[in-house]
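A, B, C and D label the chains in the order they appear, each numbered from 1.
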Amino acid sequence: MIINMSGNAAKNEIEHVIERVKESGFQPHLITGAERTVIAVVGNGGRRHEIEALKAAAGVEDVVSIAHPFKLVSRQVQSQQTIVNVGGVRIGAENIVVMAGPCSVESREQLFATARAVQAAGASILRGGAYKPRTSPYEFQGLGVEALRLLAEVRDELGMPIVTEVMSTEDVEIISEHADMLQVGARNMQNFALLRRLAKTDKPILLKRGASATIKEWLLAAEYLLAGGNPNVVLCERGIKTFETELRNTFDIASIALAKELSHLPVIADPSHGTGRRSLIASVSRAAVAVGADGLIIEVHPCPERALSDGPQSLDFTGFEEMMRGLSDPMRRIAAAGARTELASEVAAS
Amino acid sequence: MIINMSGNAAKNEIEHVIERVKESGFQPHLITGAERTVIAVVGNGGRRHEIEALKAAAGVEDVVSIAHPFKLVSRQVQSQQTIVNVGGVRIGAENIVVMAGPCSVESREQLFATARAVQAAGASILRGGAYKPRTSPYEFQGLGVEALRLLAEVRDELGMPIVTEVMSTEDVEIISEHADMLQVGARNMQNFALLRRLAKTDKPILLKRGASATIKEWLLAAEYLLAGGNPNVVLCERGIKTFETELRNTFDIASIALAKELSHLPVIADPSHGTGRRSLIASVSRAAVAVGADGLIIEVHPCPERALSDGPQSLDFTGFEEMMRGLSDPMRRIAAAGARTELASEVAAS
Amino acid sequence: MIINMSGNAAKNEIEHVIERVKESGFQPHLITGAERTVIAVVGNGGRRHEIEALKAAAGVEDVVSIAHPFKLVSRQVQSQQTIVNVGGVRIGAENIVVMAGPCSVESREQLFATARAVQAAGASILRGGAYKPRTSPYEFQGLGVEALRLLAEVRDELGMPIVTEVMSTEDVEIISEHADMLQVGARNMQNFALLRRLAKTDKPILLKRGASATIKEWLLAAEYLLAGGNPNVVLCERGIKTFETELRNTFDIASIALAKELSHLPVIADPSHGTGRRSLIASVSRAAVAVGADGLIIEVHPCPERALSDGPQSLDFTGFEEMMRGLSDPMRRIAAAGARTELASEVAAS
Amino acid sequence: MIINMSGNAAKNEIEHVIERVKESGFQPHLITGAERTVIAVVGNGGRRHEIEALKAAAGVEDVVSIAHPFKLVSRQVQSQQTIVNVGGVRIGAENIVVMAGPCSVESREQLFATARAVQAAGASILRGGAYKPRTSPYEFQGLGVEALRLLAEVRDELGMPIVTEVMSTEDVEIISEHADMLQVGARNMQNFALLRRLAKTDKPILLKRGASATIKEWLLAAEYLLAGGNPNVVLCERGIKTFETELRNTFDIASIALAKELSHLPVIADPSHGTGRRSLIASVSRAAVAVGADGLIIEVHPCPERALSDGPQSLDFTGFEEMMRGLSDPMRRIAAAGARTELASEVAAS
């Protein structure tokens, strides 16, 4: 860490800070510049938070941290890519894994029809909400345990592992009995009580990025899970909140590449929430795969205009099939781009 | 609600939507414009979510909601200002209520010294964290039950009601036994399981605005509490997350005035988190009072540079006293502004 | 447009608004709902801004515009894709067009070496800054006319069309004499005096999206160019300003797909500014192509660590070659994704 | 500056950076930490941009700047508050200066009536737009020179100095002939060609903060003016663009206090654009004065519902008078707050 003294810091203020650095178990390293004094804090095993608190000391302008604050999730600690096994499906390996299904489980018919359709089109994990986080108390809140039973039934019949959201520590047990993977939603990314509880399960966790979480905060939320004992974490970018209102969220595609650079955990993309707009889901899915995502999670409904939640961003069966075909076909078209750009430069040169 | 058909919607698409509006228990009202058709949805008692889902129907460009989505918190439903009684202190009445205390309870000495100091300076409620939401699992997480006991002890000795944060449904009972008011932190504003549980307590709730919550989402979070049975809710603006990095958050002063215009609930301000910078707390506190806030919540520590959390935004005792005096004195200076602006215009006119 | 009266609007307030709608050349359409009255404004040829101003009338809560505010750039007006010809290179046609070159022109050697390298790797247009918009007055401001001459020299020798930024109406003439395409930078996207002047040139314009511009504002800036007489406009997404500080900007990939859905203009991507981080440029470029961008603009420098501007986001020659190869190779890898997702589902089913 | 080497930087990479620091005219200061090496860059008179460019060198993770990048606007360079004289009205002195008038000059009657009304209520400078930056080319663009003549006429008759916006270098001369102060609008805050031209005038400049400008970028834009020769700059906070859509902008009240802490320039507030909502202007104006603003700029129109621009955020004459009275009266009410909070604590203690 670097302690940046203000330009007019007094001599005794500088000495006080040096004293405090030593008390905290580090070595201070004084650098006297032309305009100001900087104190580099060197060493291992000191108490970092005591150095951070010095931001409040007289004469200190800022305390700048240089190292990343996360450890277990970091590629510096583990360079090898983590592969998370969800009921036999391996996330983070060579294959792109597609999770699909309805936003909310609404009925046996709806769920079975959707599961069969997405499986036929190439999805390997079924998603479906039993407990729904809804902005208004007057909106549909999910079928709860009944939905969990339906999900387990589908899994047993079709052989698709199940992922569903957990909103409260109190539901962890019952959901763990039915699902293969537990999802932490964007609104709960910093629900630390929930993260601590999930660190104690043996289920893989799908950790969505909060709508206003920085990439560091997202990785630190994952750090809660790993530090608490659960190494099976898959990250999921689902868009962040920005000034742009035309789309539900701003899908932060570069965060996928950066999260994979900083961490060994698999990262998947949620273009349904990431855009909120059906017409963009196929193209943004292709982009997510191109940037290096390990998988996708997509909302699908037999009849989006009758969905109890998230209809406008749900694909119908035909739309999902087309999107899945698009993951290969348009890519082939793109594959020729190198050749084509050469052509374009020939035109320009002629 | 208004259903906005796209410019090239087919006749049968329009008819389908009209049919669906009727099925949902509303009356459709067709308006044929020069460029497109719009269907106004009129009536009471229909199923709103079915209309919203029509955004997914063929030929529909958008569904625009006109009414505000909240009810019980709205001034249209209750025009009279709510007053929340916290252990004898009335929030929302004529008096500005100041809550103050340390970010985290660290020890009996720290807590008692701070409580006495803030009480002497005019604070009427003591704040202090027992369970701390921390971005990193390696940071100080609070003293838990031990802190609750210390808080209750101070309350009994000094007669100051206590407010402290609750992070999990599992802690609601034990915290309710010790505290006079339960705080929902910014990160948990949309922890709906927690909100539903708190709606069943008889304790007043301090509901902080989420760092990326719109004013509507904030009021809808309060709606969960009122709809669930707890009318004693105080809102708290604590800054939102924006591109500006010089300060910890962007303190949204106009949201206080707007929340008070839209809702009858009291609204207080948290300039400590709202700015993250000690030197700005006194001036932003004055601004919050000037805009109409019903109170303030301020972090105070005997020695900020040794605080286990939030030192850089904590006032020491002297700083807090000055801030409190500033709430009246500089206001007196401002009080003369009208006169002085007249003077300025005389200068200009001369 | 829809005029949304407030719940307690008086009868005479409603009548007044109806009267004003007629005065403005439209037909009012009264819809009396359960909770409030709504007035739909129908017709062609009325004065829209007079309706918008009614937001200020007594009893009016809001005026909601339904139609998009742009016309000439809209796909509803022109469904056919626009192709912009820049010195023989066609943007918006089948080929992905890559523009590349240094952030700033620094010397003849630097420019020629870079131009030859990017041309050899497949770029067909040369970018290079002569007039640089710099946040601080103490930073390098560009070589000006000298840079323009060097750019023209390269074009004549290598046969690569030139794109360079124009920052002021006063420079339009001299830049037009030397360059094949004029770039409006993000900071000038709403420099309307500049847009009006550029609408009168016969040069194609590269219009970067402002760092805080919505997609609508971006398209309306393009509308200034088309309405003023210049149909040769290429849009460029270069990242928006958000709370995330790990990267220079948040690259809004979905905006490319949405801009192409709403408008017939070509859209290219700038992953250099969009991320500000060299290590992410290749993967974000692939994503941009996958989402449907018509081209890329990339910063390249012979020795980024000695660049006078934007070094950290510049590729060196080897990096650029690899990126260009990546546009085809990794795509081929992705091309197999459909097959591989089927494999993954087989694993799950087995 | 601090150069932060990555954890696995090679020895020769570190040596290369040390060499480059010396070449750039600084002294390198090597600090070998437990996890990584840090190089502090010390000295005066070196070439800073060369150090910044080292972010692109192999083995470098980040280059952190410690000093603020602005100089002439800084309080460290000039501790004494600047007072800007606009036609005899002193901004930055003890008096709160209120500028008021219509968004756009629409006619002689409108302008004279408004000027008389705002002057009578205590405003000392008249604002009025002649050249209007409008998001759409189809909106009213201002009366241009005709408006300038009307403004000058009012000034001569009523003795109120005039402030009006300049959008282009080409208009600087004509506007300087008529107005007493030239306004740079939010969209042009980083129109550096315009800033450089305005640095050469002898007129005071009102520099609005860009909608997505950080406080540092805002101060650096002012630095362009001072460095170019014009010391008479008044800063104006007018709200920033955030995810909150209920209001036109998010008024960043703390930025006023911070700008005054960092700089000696006067800072005024624009609650009209800062909120976009008439009902909030009076309360946000009081807050701005309470936080320490040196003045206010307010949009006023004889009949907001007929305004050609910005009607919804314009006050009518009565509204403006009430706002001006509110600057003193409610302050008096607040002045008693200290006393009242003591009362509240007595209640709590009893």
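The criterion applied here is as follows: a contact is a pair of C-beta atoms (placed from the backbone, for glycine too) under 8 Å apart; a residue touches a chain by one contact, two chains touch by 3 or more.
Since this is a predicted model, take the numbers as computed values, not measurements.
Asks: Under the document's definition of touching, what chains do subunit B and subunit C have as common neighbours?
Replies: Under the touch definition, subunit B and subunit C have A, D as mutual neighbours.
Asks: Is the number of contacting C-beta pairs greater for A-D or for C-D?
Replies: C-D
Asks: Which chain's C-alpha centroid is most distant from that of subunit D?
Replies: The chain lying farthest from subunit D is A.
Asks: For subunit C and subunit D, what's the span in angstrom between their mean Cα positions?
Replies: 27
Asks: How many Å are there between the centre of subunit A and the centre of subunit D, using C-alpha atoms for each centre?
Replies: So the centre of subunit A lies 37 Å away from the centre of subunit D.
Asks: Going through subunit C residue by residue, note those that touch at least 2 other chains and give them in order.
Replies: In subunit C, residues 212, 241-243, 245 touch at least two other chains, as defined above.
Asks: Can you list the residues on subunit B that touch subunit A in the complex?
Replies: Going by the criterion above, the answer is residues 20, 49-50, 52-57, 69-71, 133-140, 167-171, 187-188, 190-194, 210-212, 217, 220, 223-224, 227-228, 241, 278, 304-309, 311-312, 314.
Asks: In their shared complex, at which residues does subunit C touch subunit B?
Replies: Listed in rising order, the residues are 2, 4, 7-8, 29, 31-36, 38, 40, 42-44, 62, 64, 66-67, 76, 212, 241-243, 245.
Asks: Under the stated contact criterion, what part of subunit C meets subunit A in this complex?
Replies: Result: residues 87-90, 94-98, 119, 122-125, 158-161, 212, 214-216, 240, 242-247, 250-255, 257-258, 261, 274-275, 277, 279-280, 283-284, 286-292, 324-325, 327-332, 334-345, 347-350 of subunit C touch subunit A.
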